[in-house]
Each structure stands twice: as C-alpha cells, then as structure tokens.
Amino acid sequence: MNTVVLLKRVPDLVEDLEVDSSGTALDSEHLKLTLNEFDDHALEQALLLKEGGGGEVTAVALDSEDVDKMLFTALAKGADRALKITGTGAVNGTSELAEVFAQALGSVNYDLVLTGVQASDDIDGQLAPTVAAKLSVPCIEVITGVEAGDGSVTVHKEYAGGVLAEFEMTLPGVLGIQAAAQSPRYAPVSKVRQIQDSATLDEVAGAGGDNGKFSIVVMTPPETGEGAQMLESVEELIAVLDSKGVI
Amino acid sequence: MTERYNLTVNTGREKDQSFVEKESAVIEGIDVSGRWNRMFVPREIQDYDLTNMHKLTAIPGAESMGWCYQCAQCMPACPVDTAGGDYGPRKIFRRLELGMDLLDSRDLWLCTTCANCLRVCPKEVDMIKIMPVARAAAVLEGNVPAELLEMFQNVAEYGNPMGQSARKRAAWIRKSDAEIRVLPKDPGPVDVLWFVGDFYAYHGRGVDAANAMARVFNALDVDFGVLGADERTDGDSQRLAGEPGLYEELAEHNIEQFKQHEHERIVVSGPHAYNAIKNEYPAMGGEFEVEHYTQFLADQIDELKPLLTGSFGNRKVTFHDPCYLGRHNGEYDAPRDLLEAVPDLDLIEMYRCKEQGYCCGGGGGGMWLDGFAAEQQSERLSENRVKEAVMVGADVLAVCCPYEVSRFEDAVKSTNNDGKLEVLDIIEILDQCMGA
Amino acid sequence: MSQDVLVVAEHGQGKFDDITFEMLGAGKALAAQTGGACVVALIGGSDLASQLGAADKVVTVDGEGLENFNPESHSAALAAIVESTSPRVVMIGYTSMGMDLASALSVKADMALAASCLEVQAGDTVTAVSQLYGGKLNVKTDLGAGPCVVSMLAGSSPADAGKGDGAPATETVAAPATDGKVRFVRLIEPEAGDVDITAQDILVAIGRGIGTKDDIEVAEELAEELDAAIAASRPIVDSGWLPKNRQVGKSGVKVTPKVYIALGISGAPEHIEGMKGAATIIAINTDKNAPIFNVAHYGMVEDLFDVCEELTEELQDR
Amino acid sequence: MDHNPILVIGGGPAGLEAARGAAELGYKTLLVEKAGVLGGTPIQADYAALTPDMENTEVAMKRMTDAVEDDPLVDIRMETVVTGASGEVPDLTVTLNGPSGEEQVQVGSVIVATGFQHFDPGRETQMYGYYEYDDVITLVDTERMLKAGNFVRPSTGETPKRVCFIQCVGSRDRQIGNQWCSKVCCGIACKEAIEIRHMVPDCQVFVFYIDMRMYGFWEDEIYWKAQEESKVSFIRGIVTEITKRGDTVVVKGEDTTKGRPEEVAMDVVILSVGKEPSAGTVQMAEIFGLPLESHGFIETTGGALNTVATSVPGVFAVGASVGPADLEDSVSSAGAAAMKAAGFLRKHALANA
C-alpha cells in the first residue's frame, strides 16, 4: 500500500504569538514554524503501515521556512520519498492548501493519504476532509488506529469519552490522524544530516488555490474576562482549598 | 487512595532484555508477575552467545568493552553500583558474554560517564568512549528511553533541553539588576565572552546563580558579554547521551557565534560546556581559550578577596567536585581556592573527593534519565552524595555545575535533610559575601 | 438561498449530545439576526425529533446505514438537506462527527467555512470568531454574504437556550444513495476504567508540563493527600503514561468536579472543552500567558513540582 | 686443552642450548638423543609455533640444531640412550646404547636435559572423557592439527563453531598427585586459541580457567592479545565434567563470576594438559644417582641461587627435568649448566696442572 502523508508547518505555540500591525496576521519576525504535531502522528502511522505490510511512504509539504529539514527528517524516519511543492507563494487557509495538495497528488501514485486530524491554525476547516472532497475520495477524521486490508483499510475513529467507531474504508481515501499507534519516532540528527548529504527532495510546481472564501477581520488574544485570581504562595492555595471545603 | 493504572501502551524500554520475564506468574496464590519474575530464568547458563558482544565491540570506539578481565576494580568505584544499580563495567561485560544486547538494554543508559571506572581500570576499558558510540548506535535503532528522547527533541527544536523558546534564553537578563552586555545587540570586543548555559538561563535556581555571576563580574569590573538568544546548548551531554549529529549541529552553531564576537577568552558556567569547548570543539574547527568560572575567578583572587567583606557565619561547607571539571579536566583547586577566600567559611571535605569524587548522576545524559535511573537503583546518586555531605557535618553543599543545584536540592528533600543542608553554587556564596 | 440557519444535530446511542442544544440556542439567536428560521438537520434517529422543541423546523433523513454515524452517508444526507433547505448558515459541531461533515460540505456545496467557532454574527455578511493557535488567539473572519458553514466549539454557548417544549414541524428528505466506500462496522466502548473521573469531587489533572512519566508520582502523591483522582490532558494519554479513561477534553470525557487542579496544562481549547464546567479551577503553570489562566478561577505561576511537593507536605502536616 | 667431553643427555631445546653453549666455551661435547630427530618435544609433538613469540617451530628449532650440527666440537649421537654410568666425573664411564650397539665413553661432566612428558588425561580419571569422545582432545593434539593447517572436529572432520579449552588438566591437583602448576599451559592455550581464531575465524573460542597464570610479558603479549585482538572469551570457573549430548560435547561447570552453573555445548574441547617428569628423566636420575624432589623431578641443590646443580658434583640438570619450565626457563638454565660444566672441568684441569 502506498501512502502519502501531507505535512504542514504551523506556528510553534511554545513561542509567544504576536499579531502584526495590520491586526490580521501573525508577526512573521517572531514567528517560528514547526511541524503540526498531528501530522507527525500521521507520518508515524504511515511508517507503521509500511513496516507492517510494505509499500512506499511519500511525505509531501509546501515549500516554506525550514521545510527541507522537515522533509529530510521524514526521510530519515523511513519515508521513501519527499516531495516539495514549490512556487505557490503564501497559501491562505485550509481550502487553498487542500487545493494545492490535491493537484500535487495528481503526480503521485497513492492508495492512502494521511494527514493530521487538525492544526492549530485551521481557520476554514480541516485538511483531511477538504483534500478528500477535492479529490472526490472518502475520508474519515479523528483516527486512532489503522489496519491495512486488501484495497481497503479498517480504522478506529474516536468520539468523545473514548468511544471508538470501527469503519472500513475503500481505497483510495484520506484519513485525518489523531494519534498513531505509537508516539512519533525520533529521527537522530546524525541520520538526518547523513540523509541531507545523500538524498534529494523531489519538487513539483504547485498550482495556486482558490484564495479561500473568507477574509480575516482581526486577530486578538482572547479576552481574559475576570481572569484567574493569582495566588502567590502555597498558603494562599491551601486557604482556597479550605474555602472550597475539600480539605 | 493508591491508584493502579491499567496501561496498554508501553513506550519505555525499562527492563533488562537479558532477563526472561513471564507475562504473569502466580506462585502459591501470590502474583509474582513483573520484576520479581527473574527467578524464572533457567539457573544454568546454557550458552555464551557472543554475537552481541562482537556487534558492540565492532563499533569504532567501543572496542575496549571486550577487554575486561574481571578484576572488578571498577565496581567499588562505580557510583551507580554503589547506589544499588547492580551495574558496572565488569557486570556489563559479563552480561554481554551471556548474550545481552547492550544496545537494547537498560545497562546502556545508567552510565553517567563519570570516569571513576576508567581511573582505576588496569585494562583501560573506556566507558567514556564506549557509551557515546554504543548509545549513538542504539539511538539510530530507535532504542532510547522516553525521557532522553524528549530532551533530544527539545534540543533539536529549541536549542535547549527544557523545550523552552530559544528567544527566551535572554529573558533572565532583562530582569537582572546587574549590567550585562548582550553581544548580538551591542557588538564589539570584550575580554570575556560568558557562555551562560541552559540551566543558568532557564532554570529558576540557575537564574539565581546567573544573576550572582553577573553581579560578581560587575564588582570585579570584568569586561564581559553574553550571546543572549544566540547561544545554544553546548552539546556535550547530547554527545555523551548518543546524539553525535545533534552535538555537531550545536557545536557548529556555537562556534560560529564565538567567532562572530571578538573576545580574549570564553568563560563558562558549567563543566560540561567547559569540557565541550576545551576538548571537543577543536575537532569541529573551534579553537578557543576557555575557562570554567571558578578558574577565571581564582586567577583574580587578589582582586576578589578585598570585595568579600561579608561573613559566611562560620558555616561548614563541603564541595562536590563535578566529574567534568575534576576527573575529566583535572581542576580540583580553583573551586577550593574561591571557597577558602570567603571570610568565616569552614571548608571540610567529604570522604570521596577530588580524583575519587562521587558523581551527582547528571552527567552523560543522566540529567534526563532521572526517572529511568531511579527505577533501576535503590537510591539516586544525588541522594547518596547528599547523605555523605550530611555525614561529614556540612551545613552547605557547594557546587559549581549548573546541573547540580536542582539535583542536590531535590535529594536534600527526598532524603529528609530539609533544613539540614543548603545547596549553593559557589558563585552564590561569593555573591552573598560581597556585602552590598 | 434562504435566510435560515441550519443546525446539524449530533446524537449517538439514542440521545443528543449537548452540542446539539448549544448550537440550537446559538442558531436561534443567529436566525433572529438573519431574519430566517432555525432549522435542525436530523440525520438518522428521527424518533428523537420530539426533543427539539426549540427548533422552528426539523428536517430528517432516515434510512439504512444512517442508524450509526457514517462520514460518507451522513455527508450525503446533509448535502441533500442543504440542497432542499438552502440555508444561509449551516452550524455543525467542531466535534469528531462534525469534522467529517463541515469541511466536506464546504467544498461540495462551495460554501465558506469557519472552524472552531466561539460565536457567529450575521449582518450583511456573516462573521465568526474562531479560537485558534491552541487558544492563544481568537481570529475573527468574514465569510461573506453567501451561504456558509460554521463549526462550533463545544461549550461555546449554553445548552439551555436550545432546549424547549413543543413539537416542531418535521420534514423528511429521502436518503441519497452513496457509493458505500465507508462502511460502519461497530462501536467499541472504552474498557471500564478503574476510576470514573466524571464522578469525582476533586481532580488533579496533569498536562505536558509534567515532563516525564516518572514525575507523575508527584501529582499522585498530592492526589492521594487530597483524596482526589488523577486526570490528564491528551498528550499524557497519547504518550501512554496514563490510560485513556483519564483523559479530559474533546476526545476524552467532560468532567464537572468541585475542584479541578490543572498542573502544567497550557489550556488548549480541546482540553478546556472538557473541564470548564468544574466549579473551581486552579491552574498551576510556569507560563503566565498560558490560556488555562483565562478559564481558571485561581492561578499560580510556579513550577508545578515545587507547588505539589510543598502542598503535599503541608497537607500531610495538617 | 685435553678433557673428557661434556655429556648432554637430550636433544630438546635445553640440551641443544647446553651443547651449543659448552662448545662455544671451547669444550668438547657429546650430545645424546634417544629419538631419530633433534628438537625435543616441540619437534616430536609437532608444535606449530612456539610460545610466546609464535615463531614457526621448525624454523626456530632448525636454528638451534644447526648451531650444534655445524660445530665440530659437538659429537651428536642419535637414537642413542644412556644405560649406565660408573666412576666419577671428570672421568666418568658412561654406557651408551645406539644404532651401532653398546659403547662405553669417558665423560668429564654431565648435563641432564631429559625434559618432561605431557599429562595423560586418562591416567587417573576419565571425567573429561578423553578416550571416550573423539572431540575431546589435548593441547598436543591441537598442535598437530594447527601444524597441519587443518583444525577440525575429529569426529566429523567438519570445521568447529565452538571450541573451548579447559585449563589445569593434570595440574594443581592433589587427587592425582600433581600439585604443581605446569606453568606454560595458560600461555599455550592462549597461543592456540589465537591460532584457531586465525585459522577458523567463525569459530568462537572459550577458555575455562581457575586463574590465568600468565607470567611476565606473557600477560599482555599472549593473554591480552588473545582477548583483545582475537576475541577469545575467558570464563572463570573450571569445568567439572564433560558429557556427550547428541552431536556435541557439553561442558558442565560453574561460571564463578555469575555464581551460576553452566552447561554449554561445544564442538571441540581441548584439555590443557600439564607437565610431568619424563621417563628419561626418572631413568637418568637412577643411573646418575640423583635424588628426586617431592614432585618427582630431579632435585637441584642450590635453591633459587643455583638452579642446575644436583647433589652429584659435576652432574647438572636443566629445563623441564627439574620442574615445569617454559622455553625461556629451559634455555636459560641450559646456558647456566653449560657454563657450570665448563667451569667444573676447567677448575679440575687447573688443579691437576
């Protein structure tokens, strides 16, 4: 089974996010991008499927800051091929991103497309179902388990409260991965550096999207309302617990 | 209410693979599943399968693992065995002879590279060389304890093991009451380029020491600057813990930073940074004059002494030699010279000091294997050491390695020595006694 | 295009999820702004329609394969309802089921979409406020005048506003045929856990800030002192450090204890969704900007280990 | 200078060196060798290489035999034994029995260099099954195979995968009466282990030992090299018995550093047999009236400071005839004896001048 993993770089939430003077975009000067953690799970799940039943894994990402390293890391982890989509410029939102990915997938032979269930910057929907709709293939979101079958996959979709629904999905299709069967593996930097020197990234020119059907009015930190009453010491904390009658 | 969890996902490799453990076992109605199961190993040794021994000793750098002739001199010197770890170079050798795959074993991760074994080993079985290359091989195979893996990921992503924002490395400087020149913002030649280090920059107790250092430098009129957010982890612990590529990336970065700013010498807060810059960076193209802060200050003891106007109240202070300042780099005097310069400070020695100094457990990546190691040992190395400090009657345990303040403070608590022993960085002691 | 607001009901195992009523309340308010009706799309389980008294109208689709949620057949059914009702705004839950429907509908029906919404307003155009970036920023978007889809965060409006008596008018749309590419097999209930955290008075919840599996011990000791149970955010459970039945939030459970102590939890919306109903929330985190402090009643910017240890000791001494 | 020749009994390394030394000092020497070839045990037992230098035995021994054969002062009698002696040195009458029959010669001094014999592992007990199992062999058998360049399992002729040495067979054992350490077996086992690893690189070699007795330079030049370069495994704890299981022989013992019993299958087991006084040594002692020390070797009387003098003036004993010795010991004592025999004759000549 050949699997494609769509990887997306998102703002790193470890950093403070600042909005630029327009009020409608993040301040790029202080912006650090990192791989969407759910996409990392999608990649892990793809690698597990390959290790379990063969096939190839192709990692696909849009050209952006540090994307080469991210793709070489995917190769170091065990992906067979890395595809960089170039020349798209800034992409506005999930719908446009999905359009770019869907077009790029035209040049790839795949059975299954995996990507993260969501991303912290999903303004206009999630990537997996959006790409699937554009490709006119089935999709299931919030997947925590995938088993390869013959021309199909059996998956577990997670609902609130830990209830799982088992589905069978005919391939080709798309899955939005919530969690891989194991934590995403670590790619030793030595290996990444070695791959960087020996492997190459495939490139494909990206076609522009539909520019999205929304515009950002303003980005603001959430109102804190009254906010929390800040405690300065454990004594104060004990007083609070005492007042709530729990100690 | 004690809780028991029913875990289905196992992420760590915490058990010695050389032991056969039944999934469950009940004897006379008592469930002895799990770690007590070792009794089910066949008592007779039925094979000496040396495949794994040969696999290991074929790794360049790990050859000497096969040289052990079981004299066992390493055992009493090994801090891990002392702390009930059932561990030591001789035992690793024997387990290898019995078929253990070190790359897939708990034994790979317990060594702190303290070099006590090498100090006494007549065959020069060199764990300091063996462990990093063996671990690197294990890391490539994906066999890494989860704690350590998280550290690698944090360092790879953010340049510090805490996983904190790289930009916030300089955050402590903004709050400091000392005058600190941040070279990327305020470039120009300086005498001293101070390599602050992760713990001084990010850890609460480390920041205390960093501020103390800045104040002492100010008082001595040291012409110094720091790299601020451009600094990254020195990489020594990552190298020793088995991520040579990550080490190289960090070293390349730091060397480039060091070369960008004109300076006479680098002064470091930590022994690991000292070891890396002194002994490892040259191979990466970075030749620099580097001093540990105790060495730098001990050289100026005559200027320092008149500034030490306060009293240390005749408190008894004992000093813990950091492995990477002492045994690895031969510096035993500078820290003691500084402590002896403090008025009304009574310096006493622990039984295991200088060349024989005990290890805090944080070296060689141990800092990020604390939970893993604690599970394998009857006590933490830091706890063993704190007990010794208390035994010799010390009021203060003085350290000069940024890993150690938090390690030993935790150990003071866990050994119920709260209030009996204070852990202070030497720079904090100097700062306290500078009057105001 | 009508001015109606179409609320997509979410249900499972014979009852509506809270989000259905939350959206119904919000949908009615929105319909008041558009001047249209608030219509509920009920796919499968048309026998539940009687509980939707607050709706102006209920459009149901029933048929084989719709008894249980199925991304493919429910998407097709929703598309049929949207085609027949031609609403201005479709409201879908930002939930596991809703995620399968909203994006697909947006592409297939060529409608604008805003995800993870806290609120929606309609004037000449529809605007929505999405909670994004792990709760660190709210993004207000303009979805234009045309039809649009909004997916609503659970808990973004009160459920009570969507509850009402009466029997709304009911319309039925025929279930469209599908390719059968997605086939429902079965539901798997979580294994009964040792502790039901939804039934606890006090929860000590741990998040990513705990650092390592072994450090959970610190929280456990505190929990023992408080006679509390241990709960966790998603990353802790994903790492296998605690079992699934301890997970609070979107893909875990919703909890309403008297006191919820959040240790090292930053407060991603997915987590807050599950715990904001707690009577008292105490958050301890080293990052003073962590979104958890927005929902917490009490906060401490401290290292969780220090606080836990000190608190545990103090409690032991009492 | 007229004198009766110095009689050197035994053409092994010690005898050859004694003869060469005496001749070099200008004394006529009569070298008597029982076998048809010079070179002693290293040649007769087909040693492949000498310990510790690993020099080819043929080459090394040829150098020694050439030295005596090329020297006109050395009279060599092959296939000849000493059967009697009467009178006193320096005018001792010795009866020789050789290819040309019995002959009496007058000798001025005697150097006994009759060497040792290997312990026979079946002599006292069969616990190692030497005569029972084809794949249980001795150091000597191994030398033969190594010299032939074909180290195999004797039972099948196949290349072995696992071979072990068992140290101290016939040595350090009160039960069988040999309480001494044979001094060289540890080194020879290491040497052979190295040779096996070179010849059969896929074969794992183990050495079961009580303590590895590597004297002087043998420590790092043989033992450490065996371990560090040839990756021979040394397991502390001696084997107690050997049993046959299917196709393999199983060694049973205790791994003393683990404190656990071991039962490990081997393809070939090599018994590191020790040294005993040779039959020739015992006979010569009788003929020349030399007392034996408590272990059965010829007693020397000078203690540590004169290692070759016997209780009979003018009669000296060297090499392994006086106790376990390595080549260095044997050759050194032979040199000392040559010097002392020459000195004995010279003193006598001067006294009678």
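First chain written, first letter: the chains are A, B, C and D, and each begins at residue 1.
Just so we're on the same page, contacts are C-beta pairs under 8 Å (C-beta built on N, C-alpha and C of every residue); 3 or more make two chains touch, one makes a residue touch a chain.
Computed from a predicted structure; not experimentally measured.
Asks: Counting C-beta pairs in contact, does A-B beat A-C or the other way around?
Replies: Higher C-beta contact count between the two pairs: A-C.
Asks: Compute per-chain Cα centres, compare each with the mean of all protein Cα atoms, and return the closest chain.
Replies: Answer by centroid distance: B.
Asks: Using Cα averages as centroids, what's the distance between subunit A and subunit B in whole Å?
Replies: Here the centre of subunit B sits 36 Å away from the centre of subunit A.
Asks: On a C-alpha centroid basis, what's the spacing between subunit A and subunit C, in Å?
Replies: A distance of 20 Å separates the two centres.
Asks: As a quick test, compute the distance in whole Å between the mean CA positions of subunit B and subunit D.
Replies: The separation of the two C-alpha centroids amounts to 56 Å.
Asks: Centre to centre, by mean C-alpha position, how many angstrom separate subunit B and subunit C?
Replies: Roughly 45 Å, centre to centre.
Asks: Residues touching two or more other chains, restricted to subunit D: which are they?
Replies: Expected reply: no residues.
Asks: Could you tell me which residues belong to subunit B and also touch two or more other chains?
Replies: 9, 11, 146
Asks: Where in subunit C do residues touch two or more of the other chains?
Replies: 239-240
Asks: For this structure, enumerate the chain pairs that meet the touch criterion.
Replies: Pairs satisfying the touch definition: A-B, A-C, B-C, B-D.
Asks: Once bound in the complex, which stretches of subunit C touch subunit A?
Replies: 12, 17, 68-72, 95-97, 99-100, 102-104, 106-108, 110-116, 127, 130-144, 148-149, 151, 179-190, 201-202, 226, 238-240, 244-245, 247, 250-254, 258-259, 266, 279-283, 289, 291, 293-294, 296-301, 307, 310-311, 314-315, 318
Asks: For subunit A, which residues are in contact with subunit B within the complex?
Replies: 12, 14-16, 30, 32, 34, 182-183, 185-186, 188-194
Asks: Help me check something: in the complex, which residues belonging to subunit B touch subunit A?
Replies: Subunit B reaches subunit A through residues 9, 11, 136, 139-140, 142, 144, 146, 149, 152-153, 156-158, 163-167, 243-246, 248-249.
Asks: List the residues on subunit B that touch subunit D in their complex, please.
Replies: 43-48, 50, 53-54, 57, 63, 66-67, 69-70, 90, 94, 97-98, 123
Asks: If we count contacts the way the header does, which residues on subunit A are in touch with subunit C in the complex?
Replies: 11, 13, 16-17, 19, 41, 94-95, 98, 117-118, 120-126, 128-130, 132-134, 137-142, 154, 156-170, 173, 176, 178-179, 183, 213-225, 227-232, 234-235, 237-238, 240-241, 244-247
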